[in-house]
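The same subunit A turns up in both complexes below, where it pairs with subunit B and then with subunit C.
The block that comes next holds the complex of A and B.
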């Protein structure tokens, strides 16, 4: 456990500069965006030859959900998602192909090699959670800024849940219920483990491993989606929604467990420096 | 004792090791010799479970390598293994954090012996100093066995002499060492046993003392004899 925590800390430290840059870009872009967007709206209202009430009636009020569809808001989120997906590959390949072959050190540590896998996955997960938490705080701050800039008559205030309902994608990142959180992030975590297993196939069998990894990933995703596939083939009402949920939960755990076991096997028996 | 039993390794269609067997005892320096590409590094990697074998077995004190083995055997590869942005002090801290067998006193002694600066970044080190840091990180562990891959490769004569000096010091005493090197002259007088590899097989396996006493030949003489054929 001590080694696992040290490894998590070490992995986080290796990416912290890039991570802080991502955080800075997100804060700057979204805060600047809400100021520019709100001021533009108020400016248009002021320039119109109508009263503010009439402007609101004609053009609608300004809502956070409007701002959330702009590049100011979506751009940094897309950048963070892309960076973290890239990081999932980088976290392994830099140990082999970085300037120095650090993988020697990692694999010769007097700890279970499974800890290396779990530490890397935990680092990814913590970074995702960190960015999501930041986004939550930013949403509250942005709403407060919007309220400062835009007069009452020109705006409609929203709760975080309403923002989620209006934009859709935010519901995926910040689900309303704990079950939603567990399922969304559970699926994300499962995908990370599937990807890590595919990478370890490649690191173990090189060219053949790319094929093996791709086949494993396709198979794992198919197994996970089996209840939905059955629904599609046999009709949408073949299974009750709760049955679909429980089946996917069971298969998700099975796929994650298999991926961890396979990764552990590859790290112990097949991986090559 | 490290026991290497009938190990076979293929890379694709290329057979690198075709049934290599030998053993290396504590308190002895065993040298793996052979021309480039005969599989010397592969043997060391296999002992450390850094490359899977097609068949054969490797035992360390009678056990297959496991996580606990890394507290009693270490490998000093022919490559810098710490991150470039790390300072020498960070690399030492990393080892201290993970290894119970880390010996701070010995690390300080080695820092002084090699005249290394703890504040230097790994990326700024010369090839010679990088090799010394590698050596320091391995030698400062209280382990029974040391594997060294080409410790003299590409470094200047003064650094080579300094590294060779390590072998005669208490830093290596009582440990089992397996070393691969082309610079045989630097350590010939220190080697206890030679494993000569060729075409994936052990071509010759001899004790230097016996070879000198019985046939009057040095390691270099044997090498010349073998490769002239």
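The block that comes next holds the complex of A and C.
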């Protein structure tokens, strides 16, 4: 356990600078964005020859969901997503291609190699959730800023759930219900483990491993989606909703478990430096 | 602090995410909690009642959801796990069948009209229609499950004529014979057929066309529409509206509705008969249903809306009773009607802050009003945002 925690901390440390930069970019872009966007709107209202009420009636009121579709808001989110996907690869390949083939030391550590895998996955996961939490706080802060800049008559206040309802994509990142949160990030976690297994295939068998990894990933995703594929072939009602849910839950755990076991096997037996 | 990263990030995630989800669980949705409020009569009659509708709230921005109101209160579809949203559209009758006969019901259409259930058997009949709305051969697929043995047998019947589509509207078993009422379409108004099938011999015994054959042809009057009524009865009942060509003074011809009548099909004898609607009740017949040996319908009388019971055997009016349901604002949708073996339930299909929806239950035998209720909210109406509920289903659980 201690080794594992140390390794997680170590992995976080190796990316923390980039991570803090991502956080800074997100905060700056979104906060600056809401100020510019709100002021623009109020400016247009002031310049128009009509009263505020008439302006609102003609142009609609300003709301968070409008701002959330601008580049100010979406840009940093897209950047963070791209960076974390890149990080999933970097977290492994850096150890091989960085200076002094660091992986050599990592694999020689007097700890189970499974800890290395789990620590890397945990680091990725913590960083994802950290950014999502940051976004949640930012949404509240941005709405507060919007409220101070834009007068009552020109704006429409929204709850986080309403923002999600209107923009769609936010519901994926911050689902309305906690069960939705668990299932979305559960699937995310599974995908990370599948990707890690594919990477370890490549690290073990090189060129042949790319093919093996791709086949494994496709297979794993197919197995997970099997209940839905059955529905497509045999008709939408063939499985009852509860059965689909339980089957996907079981298969999800099975796929995650298999990925971890395979990764463990590859790390212990096949990986080459 | 060597481990600040390891402590700070998880702590931040826990505090922020935890606060968000705990707070949203405690705060609730702030949406109205609807209840069935009894205003008179036997409250037991509302115990199994279920109303489903689309909910739209106008708080700051429009918020849409589906809801279900029963004697136990309100359930919003958001409260159901996302994988089970389908439950909001499944008829309670079908949901019960799915619970009791899980494997038989697997993969079958959730249309209550396609099933027949008795104490000894469960029957499902369905059709597979030609692709792309072209005329073609249609097969009627039937599955029969014996309840005591759990044994299931299937048969397919080739329909002698070709159609564009054919829907099963009702399934009955009388004297060992299966009767399947269908709506068949080629062009023009739909035809209704009753197919009599010998289950043992797996063959089609009789194909009865409803109505049209017995119709004396008239040059100026023809059939506008034919629909089927649903309810527990030994008759299959069809409602036929006609239209008439009326020459105008300027030489143009107007097509006007010229009356409604019912066609009854006796399941025991296979005989068809016409049931005339008295002239005084013609025009604006809204909802129709059938229980036992009576046809029930809402008609506009001078004094307002009335529920009329018409005896199939004699053609006489069994009773005529005024129905006071609020007209829902400018909504022109007709009332909702659902029947059980003993009662007729009627409800307003629309509910908002100003117009409360009302529900009535009327005794099928006497026409007596036996339950009266309204949809109310647990919260004070003043505190709620503007909202509307448009009901799409009324059912008895």
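Throughout what follows, the second predicted complex is superposed on the first by the 273 of 273 C-alpha atoms of A that agree within 3 Å, B and C clash if a C-alpha of one lies under 4 Å from a C-alpha of the other, contacts with A are read in each partner's own complex, and residues count from 1 in each chain.
Following the convention adopted for this analysis, a contact is a pair of C-beta atoms (placed from the backbone, for glycine too) under 8 Å apart; a residue touches a chain by one contact, two chains touch by 3 or more.
Bear in mind that the values here come from a model prediction, so they are computed numbers and not experimental data.
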| item | value |
| --- | --- |
| Which superposed partner A:261 touches (first subunit B, second subunit C, both, neither) | neither |
| When both partners are placed on the shared chain, which of subunit B and subunit C touches more of subunit A | C |
| First, second, both or neither for A:93, with subunit B first and subunit C second | neither |
| First (subunit B), second (subunit C), both or neither touched by A:242 | second |
| Those residues of subunit A which subunit B touches in one complex and subunit C touches in the other | none |
| Footprint of subunit A on subunit B - complex, ascending | 45, 48-52, 67-71, 74-75, 77, 79-84, 94, 97-101, 122-123 |
| Subunit A residues touching subunit C - in the complex, by the definition given at the top | 5, 8-9, 12-13, 16, 63, 65, 126-127, 129-130, 132-134, 136-137, 156-158, 160-162, 165-166, 174, 176-181, 183, 234-235, 237-242, 244-245 |
| Subunit C residues touching subunit A - in the complex, by the definition given at the top | 2-3, 5-6, 9-10, 12-13, 16-17, 20-21, 24-25, 60-61, 63, 78, 81-87, 98, 102, 106-110 |
| Subunit A residues within the subunit B interface of the complex | 3, 6, 10, 14, 98-102, 104-105, 107-113, 204, 268-273 |
